[in-house]
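Chains here go by letter, A, B, C and D, matching the order in which they are written, and residues are numbered from 1 within each.
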Amino acid sequence: MQFLSDNSAPVHPRVWEAMHAANGADMPYDGDALSRRLDEAFSSLFGRECAALWTATGTAANCLALATMVAPHGGVVCHREAHVETDECGAPGFFLHGAKLLPAEGEGAKLTAQSIAVVLAGITRGIHQVPAQAITITQASEFGLVYRRHELAAIGDLARERGLGLHMDGARFGNAVAALDCSPAEAAGPVDTLSFGCVKNGGMDAEAIVFFDPERAQIARWRRKRAGHLQSKGRFLAAQILALLEDDLWLANARAANDAARAIGGGAGDRLLHPVEANEVFVRLDTAEREALRQQGFAFYDWDEATARFVAAWNTRIEDASALGRALSTL
Amino acid sequence: MQFLSDNSAPVHPRVWEAMHAANGADMPYDGDALSRRLDEAFSSLFGRECAALWTATGTAANCLALATMVAPHGGVVCHREAHVETDECGAPGFFLHGAKLLPAEGEGAKLTAQSIAVVLAGITRGIHQVPAQAITITQASEFGLVYRRHELAAIGDLARERGLGLHMDGARFGNAVAALDCSPAEAAGPVDTLSFGCVKNGGMDAEAIVFFDPERAQIARWRRKRAGHLQSKGRFLAAQILALLEDDLWLANARAANDAARAIGGGAGDRLLHPVEANEVFVRLDTAEREALRQQGFAFYDWDEATARFVAAWNTRIEDASALGRALSTL
Amino acid sequence: MQFLSDNSAPVHPRVWEAMHAANGADMPYDGDALSRRLDEAFSSLFGRECAALWTATGTAANCLALATMVAPHGGVVCHREAHVETDECGAPGFFLHGAKLLPAEGEGAKLTAQSIAVVLAGITRGIHQVPAQAITITQASEFGLVYRRHELAAIGDLARERGLGLHMDGARFGNAVAALDCSPAEAAGPVDTLSFGCVKNGGMDAEAIVFFDPERAQIARWRRKRAGHLQSKGRFLAAQILALLEDDLWLANARAANDAARAIGGGAGDRLLHPVEANEVFVRLDTAEREALRQQGFAFYDWDEATARFVAAWNTRIEDASALGRALSTL
Amino acid sequence: MQFLSDNSAPVHPRVWEAMHAANGADMPYDGDALSRRLDEAFSSLFGRECAALWTATGTAANCLALATMVAPHGGVVCHREAHVETDECGAPGFFLHGAKLLPAEGEGAKLTAQSIAVVLAGITRGIHQVPAQAITITQASEFGLVYRRHELAAIGDLARERGLGLHMDGARFGNAVAALDCSPAEAAGPVDTLSFGCVKNGGMDAEAIVFFDPERAQIARWRRKRAGHLQSKGRFLAAQILALLEDDLWLANARAANDAARAIGGGAGDRLLHPVEANEVFVRLDTAEREALRQQGFAFYDWDEATARFVAAWNTRIEDASALGRALSTL
């Protein structure tokens, strides 16, 4: 029973279907009929005009979005445990041409308006220091926690006051919406750009970058091409995204994953490092306990020496999750 | 009847099959069983040890390959009509951190040892000029011409003498091998790295970068991740490549495309801008002639005011190609 | 008798004096009294509000100026014999993060509105090609020719129509003003930023970047620091520039150099490759003729196999120049 | 009485003299007689073969040195209060093309082999994380502390074991040598490259980059040109450096500064934040106390809310320093 990550889960059958339906020839790059539907599809989802581009990975989505906001001499406030800071092998440094990540604190890998303000307050030496130009937050966070509406509003207010762009890494945005049981627009709050994750949620290799200011998208189009991310058969990426949006498949998939995570977390009691809000469960476990679980057939990731991470995906069977929950409760 | 480009052709049924077979969960990124078979598959194809990485686009393949050879202060000799120079929106400048393309001449978008030497001879002013560090050639060239063994050998000798890396953009490598009716190793000649094209030849969104010096591949792995090109479900890219290699499907596909191109070119007579060697046909046609063809249902690309380009793909029907050939012959 | 280049000529006595006067401690970087006078000094010189920054080299001045106009995915139209293209070891690629130089033609290393338009007309393939974002011209050109008012106006009109930034490399701007016998404002014409050369004209290691749109200067300040070009004792650079501006020393120096160049050119007759307008003289000379001149004690640069370049500086003695002119006339 | 910084102190009379002596024309760039003496001068100073390049600023020196050691996808371990991390406006990100600084801890802005090892131990996730490729340490540190021989040896051992380059920011290297009362070679220890500071120590605008592996210097030459740091009248920079080396003027200047700092620190008692080893004195002072000092005519920098920084330079009068020491002791 696989709880290693949602990032290598199978592709959903309806996504496969949509890809097959796209097999007939069409215009290359993003000139095909499907790619041209993305703007409208996301405008409808978020209830406001937006522009949307596909790209193959979350790293590319995050970096292309930030590239529309940050000059090479600028900085991006992020959580010190954010994926952009810890897991992208310097991709922001590459896409942003040496711009600097400015790590901030916050419980559960969530930034707060206060923790961001602390970083900004440390920028006092004019041209000797990198000026902050954007903030990036992760919804749900790297620890599976979700930003509430008032938290987003406070961060948005700060960004606007200081003239900073605001980006959301939504690799698990569906899980956040499911957790919050709110509209997509509410879960995105005041952000300027959103990396709308699909790969972890039933897709194969397509993420969407959503620009709530459609003007920004044009810069991202140049940068996408320049980064080798403009695929010639882009229709297959668009097809994946549209299939997930259709009839809210993305939300159903995310709900299934969250339900499974709750079933796991239910058995972990006060071993939980964080409350289970989305589809990730962090549990304090010693070496012997992990070994015991693995011998029962559970596969998972060692987060650090004292913590294991269990991730549920759209296809995690609820009975497997419950079995894991029971196993945890009887350790 | 579509002769616009091979870059948006459908995906071959056997590639689809292989992708479906890869749907079950496996390790993320390139830790899966399929990705781990690539080195061996290409070593076997080329009859020598090599390392191979998947990436989503030819632009990324070219640039990641060159990034293992060229420092940010270096230069790359390329044909002035090479794809890297004219069609990648500055991607080499991005991936190589400002390294400079050094355009050279040559009939039919093919470089020669002589034309490369002319460029090298112009680099005389020490640190005031960018030093050449690599050469990139395209097999088959942007005009559908193929490099012969002795041409490759002469370029390889020059590269070795001058200590330059040698890269081959093989977006249509299959078509070149089919045209030359030789082994893959002979068509690659003395190159250090090869972008082995799959997308134009029956794949969906996977190209292979082949490193004949496997050490180089490690740098490309870092750069691939950093460029947002390390997909988490990389097994689907590996599956495409392996399916094309199996039973030489890549070669069969390329032969079919070349056959169709010959059928087109056969009707073009002395309107041909270049001999038809691979799967592209460049034909001198005035505006009225193009209009006439389009009214007969032929779709194609206006290369410039005086030239039309027709491209055959793996799925081009020979009867359609013949029909086009006839239409050309009766203009 | 040295006619190799003006770029290593001695420092003018009044520049030395000004540097000594600046020796007393003052605020570091550009917070000192002298640096703070630059904006006003150049505003007065050009008769309009502008902002001015010192930097140590012409390469840095050109690149920092362009960095305020060109995105990493953009392009800069320049002459194919422009210093930025041929002699800066890829510095524009570095400062502009991989942006591409787009070489254009033109007699005597001068661009024309027409030759620029040819390059722009070739940019037709949308995101597959680098979009032009700026034009850079050299006044006086690399062949010592000057742009006339109507030539500048035509280029300026084109830039404005196409929304392109316009930069002038004025490494020999003083020589151009002296040649044109016009105001500095007329010689700069409609440019947005000007690299105002001082090093070749009596300075030691200070050039000025003049921003006719003062807003742009702020970006250049960040970039200057980030490029390691913000010197802590910047007052010595400001002192050099102000000394040259005082009582139009810059113009007197340039006139002296131009006069000497004319004296050289007067003897060259129809061996001249270009008319002598500023302080450079290009003369067709075969190997034996060069040898003969060198034996008479004249030092100069071999431009190519058939051409020698003679450069006069602010300190070139008119009798030496005349001697060279006579020597040329008697070859 | 000025204790703000040593970075804007006057230029030493012997440096002025040397610059004047260099005024006669010579070859441009670094082809002049003085620049060509640098390798030998530093080889003699350090008792081993080395190559040395001038550059205008410490930021450029640090970054050019690191650029010979670190790939764009690499990382550099530095102290979290190091100048490269806090005060260079992202210059390392620019010169190293997005390579990442990896901040480490350590008392008094000094790294230890242990604190570096902690950072290295956190790099466990393969290509998902930036690999460390170099370490940079500052001698004397940003808090005026010096590395002892055994401390350097331990760091050098670690660097060698892990295959990391080792760079020393010696903006105040002279002060460190004076403090340690050792040979320059001992104060540099096992480093591969050294930014040998001159500007803060009597120079105007020249720093030396010393390469103990002379091969590395060639890469730095390209990078220096490309960064706009190759001045055409480089002889004036070489002259400054050679003047400081002659008869150990650099050491005499540094000793004078250290003596003055000791005189200041002697009055500060247990208000001292760090022992006074080189030429910087950090003193705990509240707002009222600072105000009192300023009213007595002492100028200095507010390090943070609770700390003032006093810096002595080569020209600080010992009686001024003693007066400040007395003022501190009577607060």
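Just so we're on the same page, a residue touches a chain if its C-beta (ideal position, glycine included) is under 8 Å from a C-beta of that chain, and two chains touch if they have at least 3 such contacts.
What you are looking at is a predicted structure, and each value in this text was computed from that prediction instead of being measured.
*Asks:* Shared touching chains for chain C and chain D?
*Replies:* Both-contact set = A, B.
*Asks:* For copies chain A and chain B, work out whether under half or over half of the interface numbers are shared, and give different or same accordingly.
*Replies:* Same: most residue numbers at the chain A-chain B interface appear in both copies.
*Asks:* B-D versus A-D: which has more C-beta pairs touching?
*Replies:* Greater number of contacting C-beta pairs: A-D.
*Asks:* CA centre of chain B versus CA centre of chain D: separation in Å?
*Replies:* Roughly 49 Å, centre to centre.
*Asks:* In whole angstrom, how far does the Cα centroid of chain A sit from the Cα centroid of chain B?
*Replies:* Each chain reduced to its C-alpha mean, chain A and chain B end up 34 Å apart.
*Asks:* Centroid from C-alpha atoms only, then distance chain A to chain D, rounded to Å. What do you get?
*Replies:* Measuring from centre to centre gives 42 Å for this pair.
*Asks:* Hunt down the residues of chain B that sit against at least two other chains at once, touch-wise.
*Replies:* In chain B, 72-73, 88-90, 93-94, 97-98, 127-128, 222, 225-226, 230 touch at least two other chains.
*Asks:* So in the complex, which bits of chain C are touching chain D?
*Replies:* Listed in rising order, the residues are 2, 4-5, 7-11, 16, 20, 23-28, 32, 55-57, 59-61, 63-64, 88-91, 93-95, 199-200, 204-205, 222, 225-233, 235-237.
*Asks:* Tell me, which parts of chain A touch chain D in their complex?
*Replies:* 72-73, 75, 86-90, 92-94, 96-100, 125, 127-130
*Asks:* Which residues of chain B touch chain D once you look at their complex with the stated criterion?
*Replies:* 29, 71-73, 97-98, 127-128, 131, 219, 221-226, 230
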